[in-house]
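So that you can tell them apart, the chains are marked A, B, C and D in the order they are listed, and the count of residues begins at 1 in each.
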Amino acid sequence: MSLTEEQRAEIEAQRAESAATRRATVPALEDMLYRAIPVLDHGFVRVVDYMGDDGAVVQAARVSYGRGTRRVSEDAGLIRYLMRHRHTTPFEMCEIKYHVKLPIFVARQWIRHRTANVNEYSARYSILDREFYLPAPEHLAAQSEVNRQGRGAVLEGDEAAQVFELLRSDASRCYDHYVDMLNEGADGAPADPGRQGLARELARMNLTLNTYTQWYWKCDLHNLLHFLSLRADVHAQYEIRAYAEAMLATVQAWVPATFAAFRDYRLGAVNFSAAMLAVLRRMLAGEDVAQEGSGLSQREWGEMMGVLGR
Amino acid sequence: MSLTEEQRAEIEAQRAESAATRRATVPALEDMLYRAIPVLDHGFVRVVDYMGDDGAVVQAARVSYGRGTRRVSEDAGLIRYLMRHRHTTPFEMCEIKYHVKLPIFVARQWIRHRTANVNEYSARYSILDREFYLPAPEHLAAQSEVNRQGRGAVLEGDEAAQVFELLRSDASRCYDHYVDMLNEGADGAPADPGRQGLARELARMNLTLNTYTQWYWKCDLHNLLHFLSLRADVHAQYEIRAYAEAMLATVQAWVPATFAAFRDYRLGAVNFSAAMLAVLRRMLAGEDVAQEGSGLSQREWGEMMGVLGR
Amino acid sequence: MSLTEEQRAEIEAQRAESAATRRATVPALEDMLYRAIPVLDHGFVRVVDYMGDDGAVVQAARVSYGRGTRRVSEDAGLIRYLMRHRHTTPFEMCEIKYHVKLPIFVARQWIRHRTANVNEYSARYSILDREFYLPAPEHLAAQSEVNRQGRGAVLEGDEAAQVFELLRSDASRCYDHYVDMLNEGADGAPADPGRQGLARELARMNLTLNTYTQWYWKCDLHNLLHFLSLRADVHAQYEIRAYAEAMLATVQAWVPATFAAFRDYRLGAVNFSAAMLAVLRRMLAGEDVAQEGSGLSQREWGEMMGVLGR
Amino acid sequence: MSLTEEQRAEIEAQRAESAATRRATVPALEDMLYRAIPVLDHGFVRVVDYMGDDGAVVQAARVSYGRGTRRVSEDAGLIRYLMRHRHTTPFEMCEIKYHVKLPIFVARQWIRHRTANVNEYSARYSILDREFYLPAPEHLAAQSEVNRQGRGAVLEGDEAAQVFELLRSDASRCYDHYVDMLNEGADGAPADPGRQGLARELARMNLTLNTYTQWYWKCDLHNLLHFLSLRADVHAQYEIRAYAEAMLATVQAWVPATFAAFRDYRLGAVNFSAAMLAVLRRMLAGEDVAQEGSGLSQREWGEMMGVLGR
């Protein structure tokens, strides 16, 4: 993670300010506020604002005049009930805002979640930093042999070194040429007075997809949990999963009761189809069920047995 | 507005609590927080939470590490620029949550704004209060003769009295029968032990559309301004406009620079079509333009001259 | 269902028209097109347009240049895969539009699904028909004793008759007064020349919530399936479930492969939490698991055993 | 535009198929259906499906049982009225689906419009084509001196040649290394058996932002018009504007009455703020108004006088 001295100072200045508020406030999240949590080699996630807490979920579910809370245990029970029965709207009553620095190819996956508010750093207007993602050796992997959209064994030896060097040198060269084409000097004057310089909105097209961008991203708790259930999943690409995992920690600090219910009913849960349920009932009745005749494809059978630990 | 003693106590209890926060905080809105602003005869709007301030708009537009603000005048200038050029995403970075009590027919118009989060009091689960909207004499009006979806002259004399009495007695009778069909005693036991009582989800269908309901409604600032530009407009039905106007006051307290820009570029602004613009240029060139030959329909001509104060 | 002769004629006239198209076309749905499927006592659902078919899901998933289809069995397999792994975007590539006549209290539940396009008949602009929903005897039920938002035993004898009569007479009287307050004659002139008549936007508030309204409702296939999974569910109120069930039949005619996958992976599927999964593994290992010590609440335990048929 | 022979054949095969339908059908759009309209050097837009026509807007606005149309002139008048008064929901009742080939940096602007359905070609799953956008000489321009996010004078002579060569060679080299790192032979076996090959989801990060991607993109007419009003605007970056302009032609063929209203009330229209309106009134009253004392900033004054052709 590469913050400049000025950026660190801005963050610390903001952390030093405090005000009195009548709003729901979560000390554990206040502790984290504004601080950048490092992700990948140059990225970060930092919480820059939030609205509501576990009590706000309960308050909305009850449409109450006050805090809505009764006892902590009752509230947790209600939250579990809402999560189990997919009563999703009370979870929309909490909101969180992140500032994220992330590679462009990760941003392209992330932005597919449409129910969020986004302000991205504009490369039409400004110049991007000289930062690009280069995978650590343990993340430089071959195509998976079983999953057409996943990765398999880690690359080794010369191949790993060559790949790393290609990624590094191509990103560097493209960035250097980007700066060169822009031809902007430190003071706004042309670096080379003999050239006009290419417009920023054009020059940026020379950058590689591992270049870092950044954005402000704001989302309600329900849609955030949906995002996390997909992106913290083992099928998600490692690079976006790294962000999702950093964000899970912020959710746990923010709304612990909701997080516990989410872990049980979403992250650790499994969906059984009608056909799988029929198989399960036969198995529980003591029958020795085989894939053939189960109504499940070989692939589904494998997935089901995996889940059941068989 | 009819709050019970218990509700008032809950509100005051919540107002009495205070916590320290590092988040953007707006004292003028904190002053209003939780307090019910009366609307119509039994309704209210009250702010129950908020996220961000004018500075948050600037911060997101600049994707900055700190508060994003420079000087107040610069910030206001940027906010005006964003509003003028319809750069809407930075305004999505602020969020506000209201608790609203409103007649069902108003709720049906309101809910058409889809980009908001809503938790409504459930009449499948609970029993609605005995409250219905009855227009004040000055709002009991005839159908407009020029606008097929508006109202015209105020009703007078006997007709006004009769209409009021019909609205009052039908709402009352329907509510009384609702309670009667429910057959629920104060202690949960049947009021009349000889009857089962009708399910709440069915009994509610006997209520009239002026019965009050309530909800938690949460929205980002951009979509809130869009809502207000439509619902605080003179073409909106008076009853929803009354809510919009109460909400305008909360927006002004919350984000004064954004509100000023909104008033200038939205509320008080006018859209001229290509054909109107052509007429305008001819008029400014000193030409005496008539509707005939203007390319505008009589209706459009009238609207345009009205706007120009001619 | 009450269509006027004129409406029936309009529908038949539209059914009689035919045009040649290069678009994906589904004969089974063309057969249904425009015809009203009766729901409840006066309501209906009718398909008025559609875009795409099962092949369009496949085409989008493959981002192909032609139809995208290979063999029917391969396509069905891909559709099952997409449904199982919640790859939802290809299902958004199909769209359907319904014209629905429905009681207002059902419309209020329905409209909570925000990802749809809606045009409702405007009671500010027009006069509603004299039609209101009155439950058939078998749907006139008491409050459930186990579910705070459901219904239980059917009402019997005098109570049933009295409730029915209250619903009928209140709705009738309110409608009659609505018409009376409007004071509109058949020719646009006042019915009673001595009165101005109340504006439509005000008079409508006197109607009861079982009055029928109507709308055009358009939705993509993914969001339609989400709507149907919630509203065709046994926990949904009967009255909206009746609409969902009529719509299921149209989906089955339209996209049979998607419908089959939906039935297996959504309608008939079950979600096991992490804690339930742990119980399941112990049961399959032959252990005699009891609720106590299972990590499940009594309620969850009951739900789980119900699903497993134990 | 570079379609393979196979792709052309698939498109022609689909164009050759025809079916009878009862749905609203637009011959002018049927003529265009599936055909790729070239955009930029290798991109295209092609309409792959549509739902509704001008009549569907009218039908929904009237919530009618049949086609909803009366006379063509009446329908056009209603459509103009809806457009003028921002009654947007009837325009949501039409839907169109495009298949688009576009550079990644254009896709990143485009995807910010959230109210659309998208399936993008997956570079986790498949290998991207060797195609990248290289601006034609007349589009290779310097940074604008007046607009921080626009372009100004066209580059000339050596600088133009050098910039073009940098863009070309960097994109080529990055693509070649992408293929090299993938190490995939034509038959699925490794190109170089001594290497494992890098996973597709990783290798893609080496590509430059002018590499072409493709997607299916589906949108309702209202949101499409909003997209076009922003992206066919002179402030939009040329490269996305080129797509918007190609799409405008498809909208004109599809819904001519809506398109005419859109051109008048949106594309050619102008928004005057409250302060501008005050200035206008003074000017029309014959007053000689100057910027100073007008209440407008110099920038706003300039924009206003530009619009008025002064």
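Here is the rule we go by: contacts are C-beta pairs under 8 Å (C-beta built on N, C-alpha and C of every residue); 3 or more make two chains touch, one makes a residue touch a chain.
Owing to the predicted nature of the structure, the values given are computational and were not obtained by experimental measurement.
**Student:** By the touch criterion stated at the start, how many steps lie between subunit B and subunit C on the shortest route?
**Tutor:** 1
**Student:** Using the touch rule from the top, work out which pair, A-D or B-D, shares more C-beta pairs.
**Tutor:** Between the chain pairs A-D and B-D, A-D carries more contacts.
**Student:** Could you grab the centroid distance between subunit B and subunit D? Build each centroid from C-alpha atoms only and quote it in angstrom.
**Tutor:** Between these chains, centre-to-centre, one finds 34 Å.
**Student:** Quick check: how many Å separate the C-alpha centres of subunit A and subunit D?
**Tutor:** Here the centre of subunit D sits 28 Å away from the centre of subunit A.
**Student:** Can you list the residues of subunit D that touch 2 or more other chains?
**Tutor:** 89, 112, 118
**Student:** Using the touch definition from the top, list the residues of subunit C that touch subunit A in their complex.
**Tutor:** That would be residues 77, 80, 84-86, 89, 112, 230, 235, 263-265, 267-277, 280-281, 283-284, 297, 300, 307-310 of subunit C.
**Student:** What residues of subunit B sit close enough to touch subunit A in their complex?
**Tutor:** Per the touch definition, subunit B meets subunit A at residues 3, 7, 10-11, 13-15, 17-25, 30, 33-34, 48-52, 56, 59-61, 63-67, 89-90, 92-93, 95, 97, 99, 117-122, 214-216, 218, 220.
**Student:** Help me check something: in the complex, which residues belonging to subunit C touch subunit B?
**Tutor:** 103-105, 107-108, 111-112, 114-115, 118, 122, 124-125, 133, 135, 139-144, 148-153, 155-156, 159, 163, 166-167, 170-171, 173-174, 177, 180-182, 184, 195-202, 204-210, 237
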